[in-house]
Structures are given as C-alpha cells and as structure tokens.
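Structure first, commentary second.
Note that the chains take the letters A, B, C and D in the order they are written out, and that residue 1 is the start of every chain.
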Amino acid sequence: MKCRPLALAAKDLRLVFADGAGIIQPVLLGLILVFVFSLSTPVGEEVPAQAAAAIFWLATSFAVILVFNTLYSLEGANQARIGLLLSPMPVQYIWMGKALSGLVLLLTAQIFFLPAIIVFLGQDLMVSWPGALGTILLIDWGLVAVGSLLGAMSQGHSARDSLLSVVVFPLLVPLLLAGISMGSFFLGEGTGGEPGSWLGLVLAFNALFTGAALVLFPFIYGEY
Amino acid sequence: MKNMQVNANKNSNLSLAGALVLAGGAALALSQYFIWIHAPVEVTMGLVQKIFYLHLPAAWWGMICFFIVFCASIGFLLRRSPAMDQLAASAAEIGLLYSTMALATGSLWARVSWNTWWTWDPRLSTALIMWFIYAGYLVLRQSIDNRRKMRMVAAVLGIMAFLNVPLVFLSARMWRSIHPAVFASEGGGLEPEMLTTVIVCVVSLGLLTAGLLMFRFRQKNIQERVLDLYRH
Amino acid sequence: MQIGDNQEVLLELDRVSHFFDQRLVFRDVSLKLYRGSVLLLAGPNGAGKTTLVNIMSGLIKPVHGRVITGVPREKTAFLGHYTFIYPGLSALGNLRFWAGMYSLEISDHELAKILTTVGLKGFVHESAGTFSRGMAQRLSLARVLMLRPELMFLDEPATGMDYGSRRMLRDQILEARQNGAGIVWVSHSLEEDLDQADMVMYLENKKMAFLGRPADFRMLPAEAG
Amino acid sequence: MSLEMTYLIASNVVIWLGIGGYVFYLAAVQKKLERKLEQLEELSHEQ
C-alpha cells in the first residue's frame, strides 16, 4: 500500500474488528441510549423528529469518544507511538489515518443507530435518503476531525473516557445543533429550519477544525 | 542558591498586582454609587435593568480573559515558555469566574423580566457553552499528571476553544430562529447618566481583572518553581 | 578500529542543552558519530541518557544547540526498551506494517528471511501478542534490520532479554557496524558492552563527564563504577 | 421590598461574593506558598 494514512487506517481497522470490543461497545451504548430514551414518551404518543435526531447524534457523540479512545490506545501497548513519530512521514498522517479509521467505525455504529431510531422511536418518514446520508457523512467528518485531534491526548491516561467527553462535547455543540436541526428536517419535520444555512455552518466548522487539527496535532501527539 | 532566586523574584510585580486589586475593589465599591443613585431607573424595564451594569462588564471581561487564554496558548506553542502556560491558566480561571457571574446575574434578570430562569438566547447560550468548555479546560489541567504533556494539550484546547466561539454563537442564533424566542431585542439608546455608569463599571472591573490576573499569574509562577525545588 | 578525522560524520551534536521547563537536564553536549563506529552512552540513572537519545533521533527538539545529520529518516532506526510491536498483528504483519510506514517495497519472502535471521523462523504467522519478551525484542530487531539503517539508536535494548537473544543482538549490531552504520548505544551493563564500543560518552551531573576511547575510560577509576 | 429590588441586590451579592471568594482563595494559596518558602529557606540554612 502506497498511501500511508490509508495503511495506518487499514491496520487500525484490522485490529479493532479482530478484537471486536472496540466496535461492539459504542454500538451497544448507542442502542441502549436510544432504547432508554424511548421510555421518555408516554404510551401512544409519537416521538418528535427533533428528539429522535437529537438522540441519534447523542449516541454518535458517545461513539466518537469510545472509538477514538480505542484507536489511540492501539499504539499504547509497546509505545508504537514513538515508532510512528520516528517514521519518515509527516505527523499529520497519523491524524489522517486515525480520522479515516474513526470515520469507518463511526459509520458502522450509525448503521445500527438508524434502524434503532426507526424501531424504538417510531420514525419512519424519511424525506430524502441521499440528502440524509450526505448530511450524516458531512457531520461525521467534523466529528472525526475533532475526535482524532483530541483523542490523541487521551493516550496513556487513566480516566480518559470521562475526561475526553467533558472536553469534547461542548466543543462539538455547533455541529450537534446542525445535526439535530438537519436531522429533524430529513425526518419530516422540515418546516422552520433551513438546511442550506446549517450546511454552511457545518462546512465552516469542518474547514476550521480540519485546518486547526493539521496545525495542532503534532503538539498533542509529539514527544515532550 | 536557588531559594535566593525565588525570594528575589519580582516581588514588586506582586505588590503592583495587589495595589491594582485594591484599586479595582475600591472602584467597584464606588461604582455602586453610580448604579444605585447616579443612573436613572429605566422606563420600560424598571429597576431590574440595573443588573445590566454589572452583568455587562463581567461578560465582557470574561470574554477578554478567554481571548488572553487564546493568545497565551499560541504563545506557549511558539515559545514553549512555562510562563505563557501559567498566564493562560490564570486567565482561564478568571474568565470562568466572570462568566459564572455573568450567567448568574443574567439568569436573575431573566427571572424578573421574562419570568423564566433560562431562555435560549444566542448570547446566553454562547456564554453557557463557553463556560462548559473552559470548565473542561481547567479540569483537564488538573487531571493530566505529566506537566509537559498537560501544558501542550491545554494550549491546544485553549486555541480550539476560542476558535469555536463564532461558530457557537452562529449556531445558537440559527437554532433560535426555529424556536420563537421569549426575548425581545434590547432597547435603543442609553441616557448619558446610564452611559457614564456603564463606563465606570467596565473600567473598575477592568482594573480588578488586571490586578487579579497579574497576581494569579505571578503566584502560579512562584508556586511551580517552589514545587520544582521540592522535587530535587 | 581507528577513528580519524577523515571519516564521514553521520551525526553531530553542537553544544546541545536541554531543559524540562526550567529544570536543566544536561548542558553543552557536543560530539560526533562516525560511519562504522559504536558510541556508547553511559551514566547513572536519571542522567538524561534517554532524553539525549531522543534528541539525537529527532524525537525531541533540543532547547539550545543543534543536531546535524546527513542521514535521511528512512535510513535511521531505533531499538529501545519498548518494542513498537502491535500484539494483535502477526510477526509478519508487524514487519509489513512498518515497511509500509517507511515506504519500503519488500516482499513477504524477504521479510520471512529477515525473521529467520533473528531466529523467529517458525513464528512468521504467529500473533506477536503471544511472544515472550526475548522474542518480541527479536522481532523488533528484525524491524530494524529490515530498514538497513545507516544510523541506529539503541536505548538499553537488551533489558529483559535472555542470554541467547542478547548475544544475537550483539552480533547483529556488530554486523551493522561492519556494513558502515553509525550506532548510538545506551547501555546499563557497561562492563559487558564496553568492548564493542569505539567511543564512550559518560553523562553525569548534567554535563558530559567523559568523551573518548574505551581504553581511556577504563583508566578513570572513579567513573567506571 | 419589591421583587425587582430583591433580584437586583441578589445579583450585586453574586458579583461581590464571586470576586471576594476568589480573592480569599488567592490569599489562602499565597499563605501556603509563603510557608513553603520559609521551609525551603530553613532547609538551605541548614546546608
């Protein structure tokens, strides 16, 4: 394989899927969240599309935390991190590789979340599948850009899950608001919001944090 | 030998900071006069509008503190000097304190004016989200044991947090457009007495901020050096 | 082996000083590493040997001074106390991954041959997670040999290895020197490794306490202990 | 006292308590720091 970020991502995915826990855990947690949330609606009432979209992105956010903790802990066992840093390649390749494998894992988890929303939260109206999928991909991009950058800080840290979520969740607020708003649009509640302007916000977020990650990643991942 | 260095350590700076804190405190006490007596009661909003005179400076100076965190974080990554990191940490603490005060006073105001403790107003929401981010920043600083790593990570977070502000604000505003807001836009011009009061309050809290920041910065600096001495 | 000025310098440190925050780690380290020579780094625990190797290998930027090297990163290898091994991958899988990171075009057949050299013949497809410390370090050595390095950094690589593995490691290092590699070797068993060195650098009290030939180093009674 | 007055006073109290609390915290830290410095001085005299 010529492209090193791809090779890195391929290695990560092989290890995560071989072990299983790294993907089962976020899927399970997300499904439990969706199920528990379904209990909040009284019998016979429908869950509003916006609530369904919110719980979908909440489940995804938790998945981001778990996924990137797993991905960065892969280098933890024998300090392979040092090996990667000494390799003749830009440090940013590591960020890219992790973001790519994180994206694949996140999408895998979302494949389970979507039907769960239909089943537990009774959302069966989808305005436009391609539009919805495109939106999910676009927002996932922003999530993995931030996740891959800040996930790197959790390496070798004991209380990493909780610490990471406290730091990452508030940073993701603009993206999550956009996701919820656009999600409710695609789930048929498309009255008030304009997906167009939200789209602009998501693109701005992605561009800003992709750029920031490229500049800042070496500081977080490097040897001190 | 090293002890001497710490002792000789710019004590004058510390006393200047102390003087600034005192001056700020006095000025703040003086501004109470302006708030209660000098400024007239606003016609439509009534007495409660006077919360504004403390709410606004707290929010502003809080934001400026967060901006200092941003600049100091960049400075740290460029120069790797611990002092920059200590400045960022001090500014984050004070910024968090101020935004807590701004949120609390804002909430009190909202309770009287709109009969609700909380409303989805873009400025309010932005302030709350910033509060969460910087609270996370301070928690992070506490919980990473390796000091060199902690400084690096904190600096990165300090930069990202501030870059996020415009996006948070924009998204909060767009979010509001979907939900009809309880909020009406704020009234037009200020009377001259009101303006004076605002300026007095902003300046006095500014003095206090500068003093607190300088003091805390020097204190953190000495604290870490003393800690270093103990380690050897 | 004679060390002379006519030989090619692979790595040079020019008055390198390093700090952790305000704390000085060491000051004014200047030295040259020649092609086909072994430089032994010694010193008490906490003297900053590992930090110095990290600076030499480019992992850390020194606060003061310069590190000059003409050897590209592709031809630089690091064998440390840590093995860089992914327990979830096979021995071959580990080598293949690191070959990819170094953009090396190398066939599985050749990789298997390198594994044979380090005595892992029967374990090519075995998961590296099951390896003992000695085997893991052999695999790590295979990774280093695969790169055909011109510059090698060894940070106490023999820690926790059995006698056979240690001897094999030494043989491979000497062979690499024969082939013209420059080697920086951090050692904690000084008596054992001194014979293999061309130069010795002793780090103590935050500075270079000694830099010279092993024979001269032996003459100093104080430091040898 | 009117409701408005109560809330206005409350928000003033919030500000003063916030700043006062922080100043007290700083003073406490400073006291501890000075004690440590004294100990260090003692140590260096003994040497």
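We take it that contacts are C-beta pairs under 8 Å (C-beta built on N, C-alpha and C of every residue); 3 or more make two chains touch, one makes a residue touch a chain.
These figures come from a predicted structure and were not determined experimentally.
S.K.: With contacts counted as defined, which of the two, B-C or A-B, has more C-beta pairs across the interface?
M.R.: A-B
S.K.: Distance from the CA centroid of subunit B to that of subunit C, rounded to the nearest Å?
M.R.: That pair's centroid distance is 50 Å.
S.K.: Distance from the CA centroid of subunit A to that of subunit B, rounded to the nearest Å?
M.R.: Going by mean C-alpha positions, subunit A sits 31 Å from subunit B.
S.K.: At what distance in angstrom does the C-alpha mean of subunit C lie from that of subunit A?
M.R.: Those two chain centres are 39 Å apart.
S.K.: Where in subunit A do residues touch two or more of the other chains?
M.R.: 222, 224
S.K.: Which two-chain combinations qualify as touching?
M.R.: Chain-chain contacts present: A-B, A-C, B-C, B-D.
S.K.: Would you tell me which residues of subunit A are touching subunit B in their complex?
M.R.: 146, 149-150, 153, 157, 159, 163, 166-167, 169-171, 173-174, 177-178, 181, 192-193, 197-198, 201, 204-205, 208-209, 212, 216, 219-220, 222, 224
S.K.: Okay, in this complex, where on subunit C does subunit A touch?
M.R.: Of all residues in subunit C, those touching subunit A are 54, 57-60, 72-74, 76, 78, 80, 82-89, 97-98, 100-103, 136.
S.K.: What does subunit B use to touch subunit D in their complex?
M.R.: 1, 3, 6-7, 21, 25, 28, 32, 35, 46-48, 50-51, 54-55, 58, 94, 97-98, 100-101, 104-105, 108-109, 111-112, 208, 212, 215-216, 219, 222-223, 226, 229-230
S.K.: In the complex of these two chains, what residues of subunit C are touching subunit B?
M.R.: 20-23, 63
S.K.: Which residues of subunit D touch subunit B in their complex?
M.R.: Against subunit B, the touching part of subunit D is residues 2-5, 7-8, 10-12, 14-15, 18-19, 22-23, 26, 29-30, 33, 36-37, 40-41, 43-44.
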